[in-house]
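Take a look at the structure set out below.
Chain nomenclature is as follows: A, B, C and D, assigned in order of appearance, with residue numbering initiated at 1 for each chain independently.
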Amino acid sequence: MTPTDVQNQRIEGGFKLTRVGVTGVKKPVNVLRNGRNLTLTATFDLFVDLPSDQRGSHMSRNLEVVGEIVDESLEKPVSAIEDLAAQITEKLLKRHEYATCAEARIRADYFMEKRTPGGRKTIEAYRIEGHAINREGRVERYIGVQVIGMSACPCAMETLRAMLLEEYPEFDECIREIPIITHNQRNIVTIKMQIPEGYSVEAENLIEIAEKSLSSPTFEVLKRDDEGRVVYEAHVNPKFVEDVVRDALHLIVERYRDFPDETSVSVKSESEESIHKHNAFAERTTTFGELRE
Amino acid sequence: MTPTDVQNQRIEGGFKLTRVGVTGVKKPVNVLRNGRNLTLTATFDLFVDLPSDQRGSHMSRNLEVVGEIVDESLEKPVSAIEDLAAQITEKLLKRHEYATCAEARIRADYFMEKRTPGGRKTIEAYRIEGHAINREGRVERYIGVQVIGMSACPCAMETLRAMLLEEYPEFDECIREIPIITHNQRNIVTIKMQIPEGYSVEAENLIEIAEKSLSSPTFEVLKRDDEGRVVYEAHVNPKFVEDVVRDALHLIVERYRDFPDETSVSVKSESEESIHKHNAFAERTTTFGELRE
Amino acid sequence: MTPTDVQNQRIEGGFKLTRVGVTGVKKPVNVLRNGRNLTLTATFDLFVDLPSDQRGSHMSRNLEVVGEIVDESLEKPVSAIEDLAAQITEKLLKRHEYATCAEARIRADYFMEKRTPGGRKTIEAYRIEGHAINREGRVERYIGVQVIGMSACPCAMETLRAMLLEEYPEFDECIREIPIITHNQRNIVTIKMQIPEGYSVEAENLIEIAEKSLSSPTFEVLKRDDEGRVVYEAHVNPKFVEDVVRDALHLIVERYRDFPDETSVSVKSESEESIHKHNAFAERTTTFGELRE
Amino acid sequence: MTPTDVQNQRIEGGFKLTRVGVTGVKKPVNVLRNGRNLTLTATFDLFVDLPSDQRGSHMSRNLEVVGEIVDESLEKPVSAIEDLAAQITEKLLKRHEYATCAEARIRADYFMEKRTPGGRKTIEAYRIEGHAINREGRVERYIGVQVIGMSACPCAMETLRAMLLEEYPEFDECIREIPIITHNQRNIVTIKMQIPEGYSVEAENLIEIAEKSLSSPTFEVLKRDDEGRVVYEAHVNPKFVEDVVRDALHLIVERYRDFPDETSVSVKSESEESIHKHNAFAERTTTFGELRE
């Protein structure tokens, strides 16, 4: 007896579903970037929509698609995970003949070689995301990065300057001049933006923008002089989460100045406050057009 | 010397910000529900928007507002965390005189006394969420619940029926009749819906709807007979994540049939598949109007 | 037909098991502390051992025990979760007649009213843990606290002092005198210690010890002057994770000086470094006797 | 001015520290296994001990050591992360001349090609851990694996058999014969064991042992027939967490029968119960000698 294709059952009075699929699928993906072959440990979420009269989506097809794409990447490494996501949505639409919309989201740790302020080589870890939504063949691609850096509070710095001036009136000139103690902490910047058709955006550039928007980037290996320079840098660049978001937005509209007005972009900064048990947070979610007004 | 109010600095060429505030603030909240006084361990996220020409938001005001509201709850317990969220947004708008929009999100573990199929009393744990967005005095309130239950796969059940029929042709009648083995697993249902002005929605009712939409609710204490009935119930009610979402939507539009068309609602079901290392997922995000079409 | 008691099956060539039980059981618990009635949202892990010839442990008995103890706490609130843990292990040993060892671990968020340096009232969140191991009636009780505070790096402060002296030779005296910029960050202190029979330890006291060992405690509500004093305090008290652990150990052996030598204690400090993406960590796990040498 | 080496300060009345170091360091590591070159995204924790009279440990040396080892792995890929951990501890002891003990712990996602019951190729994800403790040159190496699979409850199966027999007396023979419905769920098996000097243990073999001890392994891609066979397999192999741990222990002592008695081993099974919101758990932590008694 052939078992019923339960997914394929027709139902009455059903509702269509926005997204049906799988989350948390882990696979190694081969990527070719700047002439270097990398293996990313990637996590995939994959969805299609479902019409109101069909009972279920054939979920195993999602896994077959990922399997094929990942196998192909062994032969012919992809250059960008947002393009991988776009390819996956095309295959998803073909396999799920009842679907009008497919979505793929890929996240991975990503490593870049950096130089500390003193010039030492270090490998830094970031999170990247490729995301594609395919509505009947029209594909929207998005790229995202998550960057851990450092922010130092400009408000507490001025409060402390005033406190020190009161306590040490004899050092007035010095205290007005030098960088003053404040609270500083880990700050996580998340940038996610649309990539218009025919354009490309490198994750490395968004990571660079995020690091420039912070009080200072951070590094895994810091010998004493490097550590001093990072702390100094952060204190001559004190930033609120609000400043971090705005500075990133400025750098983005400048760098991608030929991108169309309807390109969407979102920037977040979350500061794991050293003086509080909670976080400070700022966000702008908008389009290039609104930022240009 | 009075330190500069750095937040209050005027800036040029700035961008307005969508949300500025604090995340992950933990506080105990007193709640009065059905004549019972409860203390919830709640986590708050609080935001206001920020105009383009102001450097920073005064974050400590957010914490003062939460502190006051929580203190007041000691005297006069609130009945619903979405109303608490709404009250907070009103205070936030008053304190942040530059803001046009305020948002509060409150999440907590919530316990309900339940009866197992065999009638034993048990305390079950859920997650609830109260959420309010206040745009210049116009408040949108949302309530959310997250419910862990059980789903059994209808497709694998039919596959197994066919397999067993082939292996045990002599038991044909029995195998066609009785509930057949399949994979079953934890399934997390998330319902979030708007509460139109002048209406109310009880978290307990949404929890009940979620549990009815699953193959079976689950329980912390199950003696042997209870356990048997839960497993039986799940297998005579096999459900895809798609079924769970649709059944919850049916129960919601039926129960809240007088709610206006523009009321928004989102239902998700995530199944921690016992036969896979990844999850299965279904979602519908829509309005009551679209569901009524 | 009565179903087989599968757990009770005798097996041959089996191995005894160290711990069999349940993890992640959530329940509200009523606690009476300092005359105040509190409801904690607690998470329980419960285990017994299992002899080599018995197939399974009766897990539902663990849940019944928790249910009874929690019900009793409604009538007669417990004063300490480590005593609750001890009571649970006694009941576990009675119910699991085959067990020689029972263990209970209870964790919860815990709130204390504190005063900021400027005297403002604030509610602060901590984690507490009660833990008991009962070997054939001989009970060991443990209490644990987890405290989020702030640490400022003493090494970077001296590096920066040297850098500033070089850059601003004219301010030599000032730079040698005032607190100098450094990196600071969230630091999580975990203290766990045994409570000898006949003695008691208050979670509040361990929380106080943890906060004194940090560069500064942190607070949810900080107006500008308070914030200034917290930052100042942290910078006149710069601490490595090593310093935090040692200072907590000093305070512990001093405060509990009448505790017997065999009392075990563990102190950890984990600093979420603002200049790195990784954490710094220090730990000492030992006995009072070794600390007194 | 040379800044003070604050770490190197001599202190009086200090306590020695058990572990001082860094946690959560992420790096890509090149591994050569079975002729295949792999890149793992690894997370490192690194510690040394600290004598009572020295204020601080030089944490940046830990990062330098990881950096060097990882760089070397680009040229000459390592074959096992427990050997990598052992190499790191040797370097740590050399760099921290004051330390008598060094420890390294490396965790990573690890992928293996598997065949489904129907013979389809699939890539499955696991977690592996390499761990080494070096006490003055005497190195202990440990290897760990974490495997997600499926367990089906043998007790509920017999309860349901009895229930069905009562409900369907006419199908007595069938119900006694065929596999009967029960609850099944994700089960996470963790094996960690010592590797005696001169011996080696392959992570792949421990993964295989874990999968054999479960009711069934799980797979990312399952077409209908495969899915049927996995569900069938799980139900003819119903297992408690207790059974899973014991079966893994049996396979371990058999496979590594030439390992010395003092070799330590720990096996855990945690079942994310589909009928409860909490987990079931079993553990045995012991030595080969005790298992052989």
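The rule we apply is simple: a residue touches a chain if its C-beta (ideal position, glycine included) is under 8 Å from a C-beta of that chain, and two chains touch if they have at least 3 such contacts.
Small disclaimer: the values here were computed from a predicted structure and weren't measured.
**Q** Once the contact rule is applied, which chains count as partners of both subunit A and subunit D?
**A** B, C
**Q** From the C-alpha centres, identify the chain that is farthest from subunit D.
**A** Greatest centre separation from subunit D goes to chain B.
**Q** When subunit B meets its copy subunit C, do both sides use mostly the same residue numbers (more than half shared) or mostly different ones?
**A** Same: most residue numbers at the subunit B-subunit C interface appear in both copies.
**Q** Give, as an integer number of Å, the spacing between the C-alpha centres of subunit D and subunit C.
**A** 26
**Q** Hey, how far is the Cα centre of subunit B from the one of subunit C, in Å?
**A** Taking the average C-alpha coordinate of subunit B and of subunit C, the gap between them is 30 Å.
**Q** Using the average of all C-alpha atoms in each chain as its centre, how far is it in Å between subunit B and subunit D?
**A** Centre separation, subunit B to subunit D: 34 Å.
**Q** On subunit D, where are the residues touching two or more other chains?
**A** Residues 3, 25-26, 63, 125, 155, 159, 162-163, 220, 222, 224, 227-228, 276-278 of subunit D touch two or more partner chains.
**Q** Which part of subunit B faces subunit C closely enough to touch in the complex?
**A** My answer: residues 3, 25-28, 38-41, 60, 63-64, 67, 70, 108-109, 111, 121-123, 125, 220-224, 227-228.
**Q** Per the contact definition, I'd like the list of subunit A residues that touch subunit C in the complex.
**A** Against subunit C, subunit A makes touches at 124-125, 148, 150, 155-156, 159-160, 162-164, 168, 171, 173-175, 177-186, 216, 218-220, 222, 224-225, 227-232, 234-235, 272-278.
**Q** Can you list the subunit C residues touching subunit D in their complex?
**A** 1-4, 6-7, 13-26, 45, 47, 50, 55-57, 59, 63, 154-155, 158-159, 161-163, 165-166, 240-243, 245-246, 249-250, 270, 276-286, 291
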